[in-house]
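Below is a structure I'd like to ask you about.
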Amino acid sequence: MIYDFFYNLTGSVIISGTVVALLPLFAFILPFALFAVLLERKVAGHMQDRLGPMRVGYHGILQTVADIIKLIQKEDIIAKDNDKLFFNIAPVLTFAGSYAAFAVIPFSSIFLGADIDLGIFYVIAVTGLVVAGILMAGWASNNKYSLLGAMRSAAQIVSYEIPTILIVLSIVMLTGTMSLYDLSENQTAYFWNWNIFGGPNLDIQKFLLIPFMLIGFIIIYISTLAEVNRTPFDIPEAESELVSGYHTEYSGMKFAMFFLAEYANMFAVSAILVILFFGGYQSPLGYLGNTLNIPWLIPIEQFFWFIFKGIFFVFVQMWLRWTLPRLRVDQLMTASWKYLIPIAFVNLLIIGVISLI
Amino acid sequence: MSVRTEEMVLNMGPQHPSTHGVLRLELTLDGEIITKVVPHIGYLHRCFEKHCEVMTYPQIIPYTDRMDYLAAMGNEFGYVIAVEKLLGIQVPERVEYIRVIMAELQRIASHLVAIGTYGADIGAFTPFLYCFRDRERILNLFEITCGARLLYNYIWIGGLSHDLHPDFIRLTKEFIREFKPNLKELNNLLTFNKIFIDRTANVGILPLETAINFGITGPMLRASGLKWDLRKDDTYSVYNKFDFNIPVGDGRMGTVGDSWDRYFVRVLEMEESLKIIEQAIEQIPDGDVTAAIPKRIKPPVGHIYSRVENPRGELGYFIISDGSTSPFRVKVRAPSFVNLQIMDELCRGHLVADVIAILGSVDIVLGEVDR
Amino acid sequence: MKQYFNNIFTALVTILVGMKVTLRHLFTPSVTIQYPDVKLPLPERERNRLYVNMDDCIGCDQCARACPVNCIEIETVKSVPGEDLGKTSNGKKKALWVTKFTIDFAKCCYCQLCVFPCPTECIYMTDVYEFSEYDRNNLIYNFSTLTPEERRQKLENLEIYNQEKESKKGVS
Amino acid sequence: MKSLEEIVEILKNNLPDVVLEAHSEIKFEPFILIPSDKIDKVCLFLRDNPELYFDSLVNLSAVDDFNGQKIKDEQGNEIMTGGTMSVYYHLESIKFRHKLLLKVTTERDDPIVNSVVTVWNSANWHEREAFDLFGIKFNNHPDLRRILMPYDWEFGHPLRKDYQNPEFYQGMKVPY
């Protein structure tokens, strides 16, 4: 584990703890957010027969850096009637919620903040903080559009957590563990051992599970999409209806915090999906480190595979965003309560029965 | 225990991404349900009718362009027909054909904007840019013909400012050929998308009786199920020489006269316009386009109401002439102005998100509403 | 129940169809250009900034009268006998000093109505379309070739000539 | 299809108390002149009569006839007293495909016309516009406010021929 590595290096609990806590932020989230924003704009551009940012650097690779510099320089506007306390806390809370999830995400077999037994449970719990942040932002903005956005957001996230949890439950039921590290380790070796292909056991159960795993994956993908407020579920932001929803009144760094939280969240849910269904950091084709007999190469490869899979699902999120229209608020609830939750329930039951065989 | 509740007044606009300009809608909300919509217009009022009283007849043409700036050719066409009727001029055949081609190209361009922005209102941004890509090609056609891309001043009283560019026919055929698959792609991406249908079908249903009583015209009226198109029913220019259908709403995805029907009628109309252009290009006669332009435009005393089918509906010009070189009074019956009145009727009982969907399907241009 | 599964099915199918469309566009070349670096060629009938060839202008004021927004201002002074103003390129004799010829491009609506009535074809539209300014007054273009001193002189000439004519009349 | 004479005949037979004047000598569009306090009644009849069935009001336009006496006011501006204002109603029957033009004239100094909003809803904004730009008051109009001009515009009605621009509006200079 990475903590032990730093502990052995420094011998201090505080230093190694701090390093481990900040490592995902600086080693991963910030570069990822910079990259993801650029990716989003490039993907959007090319899908729409445009080019996207082209001015800053080669094909605009430094565009997001320039944007961040611009955002830092911007005046921090707080309107007169805003609720100052909540207005200031909200972006921090939102970011904290999405950042806390990274504590238990295993980037590779050694790069893991904390291997707690209730990993997946913890992730679901802390991402709930994001709702509180958004509600606070909407309320404190003292803006009708923001408030509507925040209310919608709360209703949406609460109702979409249920199908997510039901699918997570079916996986937990099958594997018997809630630790994300154990979940990843279970699906080792080759890609047919991944949960989406029925898990590592080679028997009749595996083949029976494949269709239901697929259904489960689609459901959890849709509901996590809703949890991170991406199109077609971006009604809390709904640019063309609510202008920008809960972050209409924010500017400068506070807006950047929301922005960062959104992209961190996008990766966080993709990472959870990867861990639950696509073997976590495991390589689909075996490790180069094993064949070449270089043991230290394996964690690096694992890190690469994890990021690759995660970014692939982030890309699919973007792809969907630039393809689909947005649902209406009541249709969003319908989709969750009438379609996703019953199907997830039935799926859970069937997986339970299969696991008994 | 009773909880005190009160209605919330929400101002949508004048600065809002989805009001298509500077329209302000005063929404009264019960939760997220609309109980009342009051449109406030006039933010873009440019005194068109007052200007007309001090200008000569040809000078008014650039001003008509600026009313419905997405369908400038149609505006000129309507005005010019009205003045020609007052003057009693017969224009050459070639001029009529070119005017029809231009008006139909403009109709496609205008509907592309309507469809694209409608998609953007619903949340799909990509179709918007695909539509603009195709519209750009139509604007290029206009540009080679008259030099301007948006406000043309091309159709003149008695003729046209320029003849067609030698390349025009070839480029138009090329455009038609390449536009047809794009239209199919647009249907795949947006029109038949389940989410889009859910958002628009059964939203803002406009029954035919109400539509006629409110004076609704154009694609909105046709979506409510009435086959009423001035190109056929009160034919002008050479439209009677072409074979085309009038698409009407059939309630395929929901009820007749819902937002989806209004949207889909526009898609179908683009196909019909392509048909008209194809026929017109084949039949276009030779001739001089500037021959019939009168040197001095001084209509006799009288008044005339003349109307054409603009992309947004019936565009009428009521011109009173007092025998001088400038009109005594010009009243424009702008289709968007009349169609916008229906907002309250359509929106009541729907959600805030539906206001966007309904407003987009009414397809207003504020330049025309406020004139 | 049939409706229920039909909804799920159509939703998934139409979403996949849409995704196919956007994926195909991801790999088609873009239609936009990098504007200041790349510029589209302009068609020959392009209508952009007006230009007045003052050598040919006879000061007939027809363009100013045709303008619907009154953005052209022309002031002329009659020439006195003996002054040779030259001829325009199509052989018309000039008889007026054009002491002022300004076009306010902030007002101009690029309708081309001024171009057609010109008898000597000296006012026409060019292909210059990038001429934004920080100050609105800079958009008032002065085309007159006469300096203010010359203008004053022409006015004086005319006045002197008129006075002479008056006095001659008085004498006779 | 009904001609103007037939329509006038039907109107005269059914509404004997309304004084009608048919002007069919006008070159382009013949019209029927109707007293301004009877227009709503006539319109209701025209809409509901099964033979005529004018179900749609195509256009409503007000006109300042500017035929009164020109006088000078205190500031030396030319204004007009007396004379008339007219309102033109273009009706159309979508069912029978016939059209009709009605005209109403009213006093220019105190123009009052009965509203036809109860007959056709499309008249609502047209009448508001006529009120806004000409100052014609429509009796029984449900919501007679300014529509194109600002609600607090207190300098008259701009489409009147003798309208003078104010110098200042809300502290802003009006002629730019």
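Read from first to last, the chains carry the letters A, B, C and D; within each, the first residue is number 1.
FYI, a residue touches a chain if its C-beta (ideal position, glycine included) is under 8 Å from a C-beta of that chain, and two chains touch if they have at least 3 such contacts.
Given the structure is predicted, the values throughout are model-derived calculations rather than measurements.
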item	value
Farthest chain (mean CA position) relative to chain D	A
Chain closest to the middle [Cα centroid of all protein chains]	B
Of A-C and A-B, pair with higher C-beta contact tally	A-B
Computed distance of Cα centres, chain B from chain A, in Å	45
Inter-chain centre distance, chain C versus chain D - centres from mean C-alpha coordinates, in Å	41
Centroid distance [mean C-alpha coordinates] between chain D and chain A, Å	64
Chain centre separation (chain A, chain C; CA means) in Å	56
Junction residues of chain C - those touching two or more other chains	7, 15, 18, 21-22, 25, 31
Residues within chain B bordering two or more other chains	126, 130, 133, 189-190, 193, 195
Shared interface positions of chain D, touching two or more other chains	none
In the complex with chain B, residue positions of chain C that touch it	7, 10-11, 14-15, 17-18, 20-22, 25, 31, 43-47, 66-68, 109-113, 116, 125
Chain B contact footprint on chain A (complex, rising order)	44, 47-50, 144-145, 148, 231-232, 234-235, 238-243, 322-331
Touching residues on chain B, where the partner in the complex is chain A	8, 10, 16-18, 32, 119-126, 129-130, 133, 189-190, 193, 195-196, 198-199, 351-354, 356
Residue ranges of chain C touching chain A (in the complex, touch as defined)	7-8, 15, 18-19, 21-23, 25-32, 34
Interfacial residue positions of chain B with respect to chain C in the complex	55, 58-63, 126, 130, 133, 136, 143-148, 151, 153, 161-162, 165, 185, 188-190, 192-195
